[in-house]
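Look for subunit A in each of the two complexes below; its partner is subunit B in the first and subunit C in the second.
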Partner chain A sequence: MGSRGSHAARIPDGDSIRRETGFSQASLLRLYHRFRALDRNEKGYLSRVDLQQIGALAVNPLGERIIDSFFPDGNLRVDFPGFVRVLAHFRPVDDDDSGMRDPKQPEPLNSRMNKLRFVFQLYDLDRDGKISRHEMLQVLRLMVGVQVTEEQLESITDRTVQEADEDGDGAVSFLEFTKSLEKMDIEQKMSIRILK
Partner chain B sequence: MLLASLPLLGLPLAGAATTEAPTQEPGSSGEPPPGLALFRWQWHEVEAPYLVALWILVASLAKIVFHLSRKVTSLVPESCLLILLGLVLGGIVLAVAKKAEYQLEPGTFFLFLLPPIVLDSGYFMPSRLFFDNLGAILTYAVVGTLWNAFTTGAALWGLQQAGLVAPRVQASLLDFLLFGSLISAVDPVAVLAVFEEVHVNDTLFIIVFGESLLNDAVTVVLYKVCNSFVEMGSANVQAADYLKGVASLFVVSLGGAAVGLVFAFLLALTTRFTKRVRIIEPLLVFLLAYAAYLTAEMASLSAILAVTMCGLGCKKYVEANISHKSRTAVKYTMKTLASCAETVIFMLLGISAVDSSKWAWDSGLVLGTLFFILFFRALGVVLQTWVLNQFRLVPLDKIDQVVMSYGGLRGAVAFALVILLDRTKVPAKDYFVATTIVVVFFTVIVQGLTIKPLVKWLKVKRSEHHKPTLNQELHEHTFDHILAAVEDVVGHHGYHYWRDRWEQFDKKYLSQLLMRRSAYRIRDQIWDVYYRLNIRDAISFVDQGGHVLSSTGLTLPSMPSRNSVAETSVTNLLRESGSGACLDLQVIDTVRSGRDREDAAMHHLLCGGLYKPRRRYKASCSRHFISEDAQERQDKEIFQQNMKRRLESFKSTKHNICFNKSKPRPRKTGRKKKDGLANTEATNGKPLRDLGFQDTAAVILTVESEEEEESDSSETEKEDDEGIIFVARATSEVLQEGKVSGE
Partner chain C sequence: MGREGSRQSGVDKGRARARLYARLGRRRRPRAGGIVRGGIGRFGASRPWATLRMERGAKEKNHQLYKPYTNGIIAKDPTSLEEEIKEIRRSGSSKALDNTPEFELSDIFYFCRKGMETIMDDEVTKRFSAEELESWNLLSRTNYNFQYISLRLTVLWGLGVLIRYCFLLPLRIALAFTGISLLVVGTTVVGYLPNGRFKEFLSKHVHLMCYRICVRALTAIITYHDRENRPRNGGICVANHTSPIDVIILASDGYYAMVGQVHGGLMGVIQRAMVKACPHVWFERSEVKDRHLVAKRLTEHVQDKSKLPILIFPEGTCINNTSVMMFKKGSFEIGATVYPVAIKYDPQFGDAFWNSSKYGMVTYLLRMMTSWAIVCSVWYLPPMTRETDEDAVQFANRVKSAIARQGGLVDLLWDGGLKREKVKDTFKEEQQKLYSKMIVGNHEDRSRS
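Take a look at the complex of A and B:
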């Protein structure tokens, strides 16, 4: 454990991050290396530009939104703890988490609820807690190829919102969102196996 | 491997070795010389090439006929159909000529039919994926093949001892080991042919396919070693020979790879200088790769490894050096040759099976072999996977293992090797030939037919059977995209010290040596032109406030806008989306009421329209469809939209951004192909310096050149990409000017 200890010492606040996010030592180290690799000028934080340089994100329809999710509240920089905090949502769910968790502690970041909340926030840009029809339309526009016309998109949006909206307010709240996805295996779909 | 010099194609040329004299000799017997003949039948002169052309033509026509019926091709893989066609044709020939002609001759096979396929595979292999999984591939190729060979051989021998194999099959343990070694190798041709039909994930595909390529070395060594042991007689084999056998494994494989790399280097170097002679570029690629194959063959090293390494190694540099047209030419020619060779191989396999004089049947041997290869392959895969999963970042799960063991097909290589056996040394050759034929047919036909339903059944078993709502479909796609994006952020393949070191070395030395320097300058000129063209548009774009999607005034090259599509019927959408459409069969079946129909239409629309997340892409090694267009189109669209948005956000925060003067030198974009295509890093842009701006806009839009790219973008997009860059640069320049002039 001696050499491992020295590794943890290299990561600033390593222990507290580990406690908060639940990552293993190895994963944290891997993420730290990645953080350093992305950080072009060794500033100690990442800016939007650094993340935009990941080429594959440029061909991902949700790439921009994912990048934005790293910069909550209009920040322009994200430091390593912030970086890890976002990625913690994608940690695979441990089976022993649910049984032994202390109910007083906040839910771990990678619980089903928090994963869903992360996705919800990707849709809900104005953070009003609801996905309005307009926001849904925007997401659909992102995700659909240009051969689908505006009218078709709008009708799809209408149907989508209609399906999920239960209280008839024309928007999808977080609860409605969760309900519409209750059959989906979120834990599996939103987990990256290498982030143990 | 050393080949005896066998006649090409085994055609009955012997009788017609000498061409007929075109005119009769003036008869000394007093016949009057015949008049000038207007028309002569000179079959023998053209016989050989004509027959070759005819066979290939028949094969191609057969392919056309197969693809006329979508239903058939979706159920039955092409390889099956071709083998069956071969059987039919062979039967016809047999009936007509009373003897079997046109066999799969090992000489033709190894010299002419196999190289195009291997070259095509090596060249289009995604190198990043390949090297990431190299450990697994090597394990399966080496350990797996050895395991298969020895266990199958030993089991068959045991079967013989137990009396289940008729005593007329005179084979010793060594003979069985020899047979085991040639029957146990997974065949690249068959694997590729079948896996094209089955959409498995990239990792699985590259492991099975890589295994099939790399096990050639092992097969070659085993075959040669066992063959020479058999020839020496089992009594004369000494311990030193065993050691030599093991050593030769290393020699053959590493030597083959080295030969390939040498030729890759040569190829890259020569293409650097072909600027003025563009027309020979495709020729160079093919010739040098073929030379690599022949050289390795001559030195009795592993020729398949040589060609694979040549393709893998040279691709990055060659693609950077040769012109766009040459690139297209190379791609299409390679695919054509490989497809043609594959077709001919399967057909000849079918034909060769008909000749019953060459084989002799023994049920025990045949059934035993079939059972053992399946059983030991499955066992081997399970054991090795268990070991590998301890070390792998992404473990291989049960379904992967099932597909891997079921997808280990044997093919023409085994058949060619068995034909090469010397009957005097191996008296049981005929029985082995029959067994090999049955095994090859079984694996290609039965396993090929059933693997797709099997995979579907296994995958479907996991998911639930309910009709997905629009929400769920949409969100599922969302999740896939999010996951792909986060994986990219995390650097899914982990932090690899050696890969970084290699890329540094490559950047510093190799690329400078092997890539054309003038490529930069050419790009600069294009840039210049684009710049001038687009600045007007850029200004107007900025002035308009940048409507994201409805800017028809923006003349970015080939950017379709949503409004420009007049009408799209659902069927059109479906046809465009091709085979990647979702399996919402239930939706189609239960269409009853008008609302349901509308629902279904919407499902189709959504399905067809949604961008496919990265996971679901077919591997680009497909030979039957060069269908990268859909993916390229998608990437292009998404890229352009993303760039627009970045421009938007940049503009909106322009007052907040602090202009860093010490930006890293603006790098030009070029995006890598899936398999690690290089791109040039411009050290600067000369026209840019004249304008005197270095600012964040350029950097926002440059794409990290070293990052791994999953996309299949081709060089043609670079011009489009640069168009966008110009927009951005021009925009920022305008903004800067605005700032300077005190807005």
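Take a look at the complex of A and C:
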């Protein structure tokens, strides 16, 4: 009975995960506990079903898309490092992150660009780097369900793509996406603070 | 002169130190290997010490202790969908925001963030596993930082194990055995008597006595509050459900008719014996699915004023005693007076929650009997009846809120069935409806786009 408790305090590869994601050790410990709580059969990894069982996520209209972001490239399992890597996008931006960063180091996962990239891939279903009109329509359909007619949705999609599209290719590239959101306080809106 | 002076300065130094401590308001720190307050004494003294000792062990090894946080691990703002999306839009565009319904690329941020928040921490998942304690109670099952334990603490824990397994456990098993056999034998004997007041009297006392022996077998320390509100004949007693022990706890203070499924094995023997002495309501497995049949039998029982109050747990499954989940409306449709009861366990001496997906019944009972004690409080709330303008669901929620408030539990609208099943799609539709209103307006404004 005691051995079950001892796992929680020692995270495998804890130091490298901490360096990569920037989470404090306390936050990482909480997330590890959360990972183990979600992993009902103690398999050591999470599958889609484990995430789908979260009631509050299942009622989120974009629930399935969010779950998809944990399983890139057709994977069926996500281990703890993968789990934390996705969540790291939502770490609040500290002041010392932007200041003295070594330019040779890779950009931290919770930078403005990376947060935008994360949201972009929620829209960009086939990961081709562009949000086509069809993809926009699909995501909108997820968000509104059956409450809106097809014509209304299409006109909304057309207008949105038109407004954002600058090079006239009928799709929204990542650069166009970031440009249309340049005034947005992404750092604050896309951050979740873990309590100490 | 020098020696005197140094002696005086020694005394002065001591006084100065004492004054400094008093000013800083510090308690004297426990020295390495010493126990604060000189001994175990009451449990209250050694528990926070145990946690302090572990914290020190962790700090020495330069590691982090896991600290359970009962209020959720992330900072959340309780704003509505509309407000949040408007906020997001406002921060993103410089143009003046009017109330025309429209869609913005940034709207997705709301759903994305909300979704991530629920992945990090949600209200429901944590209710199906045992509550995490802030200070350790010397049971290894509640310890997440087992490796940071000093020698002194390990010895203490070992002593605890010895006492619990070698002394308390055999005693409790003997008591439980006595209690159950007395129940079976007693109710069977009473069953042979002719129906009448004497039979009822005997039956009541046999039941009460055996349940009280079982309560002793678990070393359950129960405090009953407001006993004047105890359920009466023709009523339904509803309570929050944490473990099968709830039944024993309530039945040792009152005489109830039980409701449940017929089991095999030992449970089945007990059930068959009990029903000989007085009418309990046992359903076959096939009958349980038929809601009308269940409702009919319960209604019949309740309408007969000579029959005992029914004991029902409307959550349908065991919840870990930090919250109350959705009450199933079946028992509230019958139309009888409802006597709500709130049961709150104190987890410091032993956690009574039954995690049925992890432990079977026998393992669970063994864990109960090797805890220090089961401490709980039972509140009998004043009876409630359904008002004319509310339906069964609203009535059920009203009763649930009353129980949650009394027991100091979180009142959740989620269904306890989420332990095993997925949530229904109707809740997602509500969110979609709210959002659609923001981008296309109400049905009346459909001409605008």
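Here, the second predicted complex is superposed on the first by the 184 of 196 C-alpha atoms of A that agree within 3 Å, B and C clash if a C-alpha of one lies under 4 Å from a C-alpha of the other, contacts with A are read in each partner's own complex, and residues count from 1 in each chain.
Keep in mind that, in the parts below, a residue touches a chain if its C-beta (ideal position, glycine included) is under 8 Å from a C-beta of that chain, and two chains touch if they have at least 3 such contacts.
The structure displayed is predicted, hence computed values, not measured ones.
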{"item": "Side-by-side fit of subunit B and subunit C on subunit A, or clash", "value": "clash"}
{"item": "Partner chain(s) touched by A:181 [first = subunit B, second = subunit C, both, neither]", "value": "both"}
{"item": "Touched partner set for A:26, first subunit B, second subunit C, both or neither", "value": "second"}
{"item": "Touched partner set for A:76, first subunit B, second subunit C, both or neither", "value": "first"}
{"item": "Partner chain in contact with A:45 - subunit B first, subunit C second, else both or neither", "value": "neither"}
{"item": "Clash-bearing segment of subunit B, relative to subunit C, as chosen among 96-104, 240-248, 258-266 or 726-734", "value": "258-266"}
{"item": "Where subunit A meets both subunit C and subunit B, residue numbers", "value": "30-31, 33-34, 37, 40, 51-63, 66, 87, 90, 119, 122, 139-140, 143-148, 152, 155-156, 159-160, 164, 180-181, 183-184, 186, 189-190, 192-195"}
{"item": "Subunit A-facing residues of subunit C, complex", "value": "58, 63-67, 69, 71-75, 88, 91-94, 102-109, 111-126, 129, 140-141, 143-148, 357, 414, 418, 422-423, 427-433, 435-436, 439-440, 446, 449"}
{"item": "Residues of subunit A that touch subunit C when the two form their complex", "value": "1-3, 5-6, 8-10, 25-26, 29-31, 33-34, 37-38, 40, 51-63, 66, 87, 90, 118-119, 122-123, 139-140, 143-148, 152, 155-156, 159-160, 164, 172, 177, 180-181, 183-186, 188-190, 192-195"}
{"item": "Subunit B residues within the subunit A interface of the complex", "value": "393-395, 464, 466, 469-472, 474-492, 494-495, 549, 560-563, 565, 567-568, 573, 576, 599, 602, 605-606, 609-611, 614, 633-635, 637-639, 641-643, 645-646, 649, 656, 662, 664, 671-672, 696, 699-700, 702-704, 707-711, 713"}
{"item": "Residue numbers on subunit A that touch subunit B, as the complex places them", "value": "30-31, 33-34, 37, 40-41, 48-49, 51-64, 66, 76, 87, 90, 119, 122, 139-150, 152-153, 155-156, 159-160, 163-164, 180-181, 183-184, 186, 189-190, 192-195"}
